[in-house]
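There are two complexes below, and they share chain A, which is joined by chain B in the first and by chain C in the second.
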Partner chain A sequence: MSSAQNHNSDRGILAVRNLRILFPTRDGRDTVKAIDGMDFEVRSGETFGIIGESGSGKTTLGRALVSLLPPTHGQILHDGTDPVTLGTGAFRKHRRDYQIIFQDPNAALNPRMTIIDSVVEPLEIMGQGDHASRRRRGIEVLERVGLAAEAADRYPHQLSGGQKQRVNIARVLTLRPKVIVCDEVVAALDVSIRGDVLNLFADLQREFGLTYVFITHDISVVSHISDRIAVTYLGKLMELGPAEDVVEHPLHPYTRALLSAEPVPLPSHLRVDRRIILEGEIPSPVEPPSGCRFRTRCPSVQPRCAKEVPAWRDVKPGHRVACHFATANGPPPDNQKAQRAS
Partner chain B sequence: MTDAVMAPERRPGRFSGFVRWFVSDLRGAFSLTFLVALFVISVLGPWISPYAPAAQDLDAALATMSTQHWLGADDLGRDTLSRLIYGGMASLYASFLAVTIAVLIGVPVGILAGYLGGWVDAVISRIIDSFLSFPAIVLAIAVTGALGIGLTNGMISVGIVFAPQLARLVRARTLVVRNELYVDAARCFGGSTKRILWRHVLPNAIQPVIVQVTLLLAAALLAEASLSFLGLGIQPPDPSWGGMLARAYQNMEIAPEQMYPPGLAILFTALAFNTLGESLRVALDPTMKRN
Partner chain C sequence: MTGAIDISAPTATRVAGMPDAGVSPQPPLLEVRDLSLSFTTARGALPITRNVNFTIAPGERVGLVGESGCGKTVTGLSLLRLLPPQSARIQGDILFNGTNLATLSPRRMRAVRGREIAMIFQEPMSALDPVFTVGDQISEAYRIHFPVSRLEGRERAIAALREVGIPAPERRCDEYPHQLSGGMRQRVMIAMALICKPKLLVADEPTTALDVTVQAQITDLLRSLSERTGTALIFITHDLGVVAETCTRMITMYAGEVVEDAPVDDVLTRPRHPYTSGLLRSLPGLSRRRGVLASIPGRVPSPSAMPAGCCFRSRCTHAVAGCEQSQPMIEIESGRTARCWRAPELVLPGAVN
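On to the complex of A and B.
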C-alpha cells in the first residue's frame, strides 16, 4: 500500500487548482465567495493544517476536498484524478479513499442506528463479508480507537462527545482511506480529552499511513500535529509553509496577529510578546475588499494594498505568502496603528 | 415514575424492551388493549353476535335496552349490538384502507420532493397545495362520484384526500434530514441514493408520520362515518358505525339513546388511535429512552 502511495507524491495526493466556490446569496442577486481562488497541494502521508477564523471558508474547503461540494471554478484533483469527471459508479468507489470527519460528532451519527450499525455501514456499502464478519471487524476497529465492545449496541445519545468522535474515526477507518479531512474534530470536545483524541489521530497515521488535512481555528492544535500549515482568510490563502517555520517565523501580518492571539500561560508583566489586536470583524465574503483582502484590518497596510491583489509567491523554498511587502525575513513592520495590549 | 423500568443495565432485545416500555405506559397499553379487543370482536363477529346484522324484527323497532336486545334495536328492529359488532369490522377496514393508501402515496412523494428538490419539488408542492385547498369531504365526494359509490371506493378517495397532508409533512422532515451530517457521511462512504433514502432519510423523516397516521386513522373513521351518513359509503343493509349514526339521527326525537352506541364507539376508537400514536412516537424514538 505504501509503495502505491508514493508514486504520485510529486503532484500531491490532493491538488487544489485555482479553486473558487460561490454560493448565491439569499435574495439571489449576489454571490458569497466562500473560496475565492486557492492553490495548494497536500503531499501523501503528511498532516496538512489549515487555520482560519470563522467565516474564512475552512468548512467549505473541507467539504469540497471530499466532493461533498462541487467546485464552481477550478479543480480538486485526487491523486491526479478529477472526481467530477468520473461516472456515478466509479465516483462512488473512488470517494471511499477521501473521507471527512466532522466537527459535530453527534450530528455525524444517525440517531436511530446503533454504534455498530454505523461503524459497519461503509463495509456494508462495499459489500464486504457477511453480517457476522462485518460485526467482528467493526468491534475490532472500535477497540482500536479505544472503545469497549459494550458500546457497540448502544445508541449515539448514550455516549459522550469524545466517545462519539472515536466512533466516527473508527467508521472512517473501516474504509482504509488514503486521506482524511478533519474538520475541527476536537473543537466540540472537552479540553481534557482533546489530547487523547489528537494522540489517537497521530497513532493511526503511523499505523495506516494516512494523509490528514486538519482544519481548525485553534493554532495550538494545528501547530502541534501538522507538517505544513496553510493560513486562510476570507476565502484565500495568506501563507503556506512548514509548520515550524510558519509558527516561529510567520511572514504574513495576519499569521503574526493570529499567533499573538494565542494565550500564553504567564502573568501579563512577564510576557515578552505583544498582542496584536485586529480591528473590526472579518469583512463580508459577499463583497470582499479590493486588492489584498486583509488590508482593512492589517496593521501594516499601504496604499498599494487596495489596488493590487498580492501575488501568491514563494518567498522561501516551500514557504509561500500573499503579501506585497513580506520578505524572507518576516512580515512588513507595523504602522503606528498597531495597538498594544497589556 | 418510569425510572425503575427504564434502567436495566443490559439492553434487552428490541421486542422485550418494547413490551417493558409499554407496561410503563398505561395509557398506551389501555389503548392498544382496546383496539386489539375491538379487532378480535370484529373478527369473531359472526360467532358472537346475538343476531344477524340485517335480521329485522319489526315488533322490536326502536326497542330500548333489554335482555333481548342489550343495546336496543333500530327503527327496523335490527339488533344494535349485532350491527355495532359487524359495523366495527367495516369501520376498521375502512380506516386502515384509507390510511394505507394515504401512506403509500404520501410518503414516497414527500420523500422524493424533499430529497430531490428543484423543479421536482416545485411541481409536487404545487399539486399538494391545490389538493389541500379543497375541503376534504368535498373532494372525497367528487372522487367517489368518479369511482362509484361503495365503501371501498369511498375510502380509496379518502386515502387520496389524506395523502397530500402526509406528503407535505414528510417533505418538510426530509428537507431537514437530507442536510444532516450523517447523510453527508453516508454519501462520502459511497452510499447510493436509494440506500441513503432507505437507511437514513426514511427512518428519520418517518417519525411524525407515525403520529399523523394514528390521527388519520381517527379522521378516516370519522370520514367513513360522514360518507356513510351521507349515503356514499357503505350501502344498506350492511352496517357501519357512520350509517348507524345516520339512521339513529333520523329517529333522534323518538329514541335518542340509539345514537349512543355508534357515537361512543367512534369516539373511543378515535381516541384510542390518537393515544396509541403518541405512545408509539415515544416508544420508537431511541433518544426518548433513558440510558
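On to the complex of A and C.
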C-alpha cells in the first residue's frame, strides 16, 4: 500500500503519469495506440475540459480515469493512490468516489427498471442503508436534479432525453463522489435543453464541491464550463492551459485550426474569415506519424517535425504545449502565409 | 399590342430597381404549398407537419432548422416522396419547376429523383451499399438517368470524385465504402448526388456525424459547389452555426410548423419569433463564459396532443391572452415572415446582443 501512495508532490485529485493504453488489433498483429503518453493533473474542485476529434483517445482516457480500463503503462493516481494496487474490497470502496456519466442517456438506463430502481442501485451495491432509506435518498437526489417524485416509478421510455440525462446525473450523485467524468453528456440533447443540464452541472459543483472532467468535441460547451482545457490529438495532449487562454490565444497550430473550424452563428458582417481548413482527417492510431503526430495535417509543418517528438513543455506559467515552434505569443505562422509574405 | 408593352414596362423597371423587394426576377424553383403530412397509426392519423409553405429560388441556399421531432427531416423526405406511401399521407402541393411532385406517378417521380432533386443523408455508411465499390454506386446514379456505357459511367464517376476533392480518384473509385473514412464517404455521397447536375440538393444533417474539422471541409465544399454549379440547396440541420456559414436564408420549424422564414443575417441579428430567439440564446458560445446559460423551459408538445393556437405558447415567455388563437404566418417586412401575432411589437434578442 505505502509504495502506491505518493504523499509529496501530488496536488491533483487525479494525476496521470506517462499514461499509455494499447489495444491489440483484431488480427492480433498490431496495437492501437489509443493513449500514447499523457501527463497531467486534475485539481480538486475544478472543471477540466478535454476536447478532441473522434479517434483522439478522449473516451478511452475518460474510462481509464475512473478505472474502467487499466493503464497498459504508466499510472493514474486518485488523490495519491494508485487504484490498481488496491485489493478487491478496498477498490470497490475507493471507486465510489470516481464516477462517470455517459453520452447516450438511453443506453445508460435499463429499460426494464424503474427510474428509482436505477438511481438506488449504486447504493444497493455498496450495501448502504435499508430499502426505505435508500428510496428516500433516491427521491431526494431526483428532486435535486429537477425531477418530480412522480418520475421515480416511471420507466425510461416515459421520460424525455433531457430528463433521462438528469436521472443519470442523480444516479452518480447518490454515492457522493469526488470526481465525475462526463463523457459527451450533452451531445445527445437538443440545444434548447442543453443549457438547463449544463447549468445543473454548475450548481451541483458549487453545492458538493465536485471535480469534473468534461470530455466533449463541442468547443463552445467546453469553453463555457471549463476552468482548464486539454486538447487531445491521436492519443497525445497537444495543449493544456487555462480555458480562456486556450480559447482566446491558442498556442498549438492544431488548437488554432480546431477553434477556427467551429461554425459561428453570427451574421456575415460580424464574422471574421479566419478559418484554417485542415487537410484530410485524423491518421490511424495503429501507425501514428513519426515525430509530431499532427505534422501530416499541420499548416506550419517543418522538416524537424518528422524527426523529433516535440517535448511537452511549459511555454507560459500553467500553459503547456507540445510543439517545437510554439512560443508564448502563439503558434508558429502558417507556411503558406509566411511564403506569401516573403 | 401597345397595352401589352405598357403593362410589361413598369414591371421590368420595378424588378430592376428593387432587387431586394421580394419580387423574384425568376419564378421559384420549388414552391411548397400547404404541405401537411400525417402518419397512419393504430389510433388513427397522427399529424406530423401542418401547412408548411416555402419557396426556393434557383441557386438559393436555405437552412431548415429546428430541434429533433420538429418535422424538418420528414419535410425533406416528402419533397422527394421518400416516405412509405402505405403509412405516410401527404397533402398539399410540391411545385418543382411548375410540376406538382405530390401527384406525380411513381414512374415519373423516379425520373425526378437523383436527376432533378438529389438528397444526401446524415450517416453516409448506412446510405452506401457495402458490397459495391463507390465507383459502381456513383456511376449507377448516372446510368439510371442517362444511357451511357459502363466505361463512360466509370469515367464520369472518377470526374465526380475529383470534383468533390477526393485525392487519387482513379484508385478510390474501385474501393469499397468501408475502406474510406467518414469524411470521404460523405464526399462520395455528395459526388453521387451531384453527378446528374440536379437543380436542387436536399442535405439532411450531412455533417452531424463528422468531426468539426471535417465538417468545415464538407460545408465549404457544399457551398462552393452550389455557387459554381447553381444548384439550390436545402440544408436541414439543428446547428445554427452551420446555417450561418453556408446558407442565405433560414427557415425555422417548430412542432411541425414553419415559424419563421428570413434572410440568415437578419434572423441572427434580430429574430422575430420567440422560439428562434430562444434557440439562438441557448448556444453556449454566445453567452458569458461560466455564466448561467439560457434555455427554453418545458418541452415540445407531442404530435398527438398539439394545442390549438400557437404551439410554442406553453414555453414562451412572451405568451399573453390572444396566443391561443390560431397563428398565421405574417409578413413583417419584405422577405421576412413569422408565425407570431406579437412579432411586430416584440424586440427579441438574437445572436449579437
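Heads up, the rule we're going with is that the second predicted complex is superposed on the first by the 321 of 342 C-alpha atoms of A that agree within 3 Å, B and C clash if a C-alpha of one lies under 4 Å from a C-alpha of the other, contacts with A are read in each partner's own complex, and residues count from 1 in each chain.
FYI, contacts are C-beta pairs under 8 Å (C-beta built on N, C-alpha and C of every residue); 3 or more make two chains touch, one makes a residue touch a chain.
Everything numeric in this text was worked out from a predicted model, so none of it was measured.
Taken together through their common chain A, the two structures put chain B and chain C side by side without a clash. Using the contact criterion defined above for the overlaid structures, shared-chain residue A:C305 touches neither chain B nor chain C, since it reaches no partner. Looking at the superposed arrangement, the partner reaching more residues of chain A, out of chain B and chain C, is C. Of the two partner chains placed by superposition, only chain C is touched by A:I277; chain B is not. Of the two partner chains, chain B is the only one touched by A:L109; chain C is not.
In the superposition on chain A, A:E262 makes contact with chain C only, not with chain B. Of the two partner chains, neither chain B nor chain C is touched by A:C323.
When the shared chain is aligned, no partner comes close enough to touch A:V179: not chain B, not chain C. When the two complexes are laid over each other on chain A, the CA centres of chain B and chain C sit 80 degrees apart as seen from the CA centre of chain A, to the nearest 10. After overlaying the two complexes on the shared chain, residue contacts for A:E244 are found with chain C alone; chain B is out of touch.
In the superposed model, A:I169 lies in contact with neither chain B nor chain C.
Figure legend note: chain B and chain C, brought together by superposition on chain A, show a least Cα distance of 7 Å. Within chain A, no residue touches chain B in one complex and chain C in the other. If you check the complex, the residues on chain B that touch chain A are 11, 180-182, 184-192, 195, 199-200, 203-204, 286-287, 291. Within the complex formed with chain A, the residues of chain C that make contact are 67-68, 181-184, 211-217, 219-220, 238-245, 264-266, 268-269, 278-280, 282-287, 289-290, 292-297, 299, 351-352.
Residues 53-54, 160, 162, 190-196, 198-199, 202, 217, 219-221, 223-225, 243-244, 257-258, 260-271, 275, 277-278, 281-282 of chain A are the ones touching chain C in the complex.
For chain A in complex with chain B, the touching residues are 63, 66-68, 92-93, 95-96, 98-100, 102, 104, 107-113, 118, 121-122, 125-126, 153-155, 157-158, 168, 171, 175.
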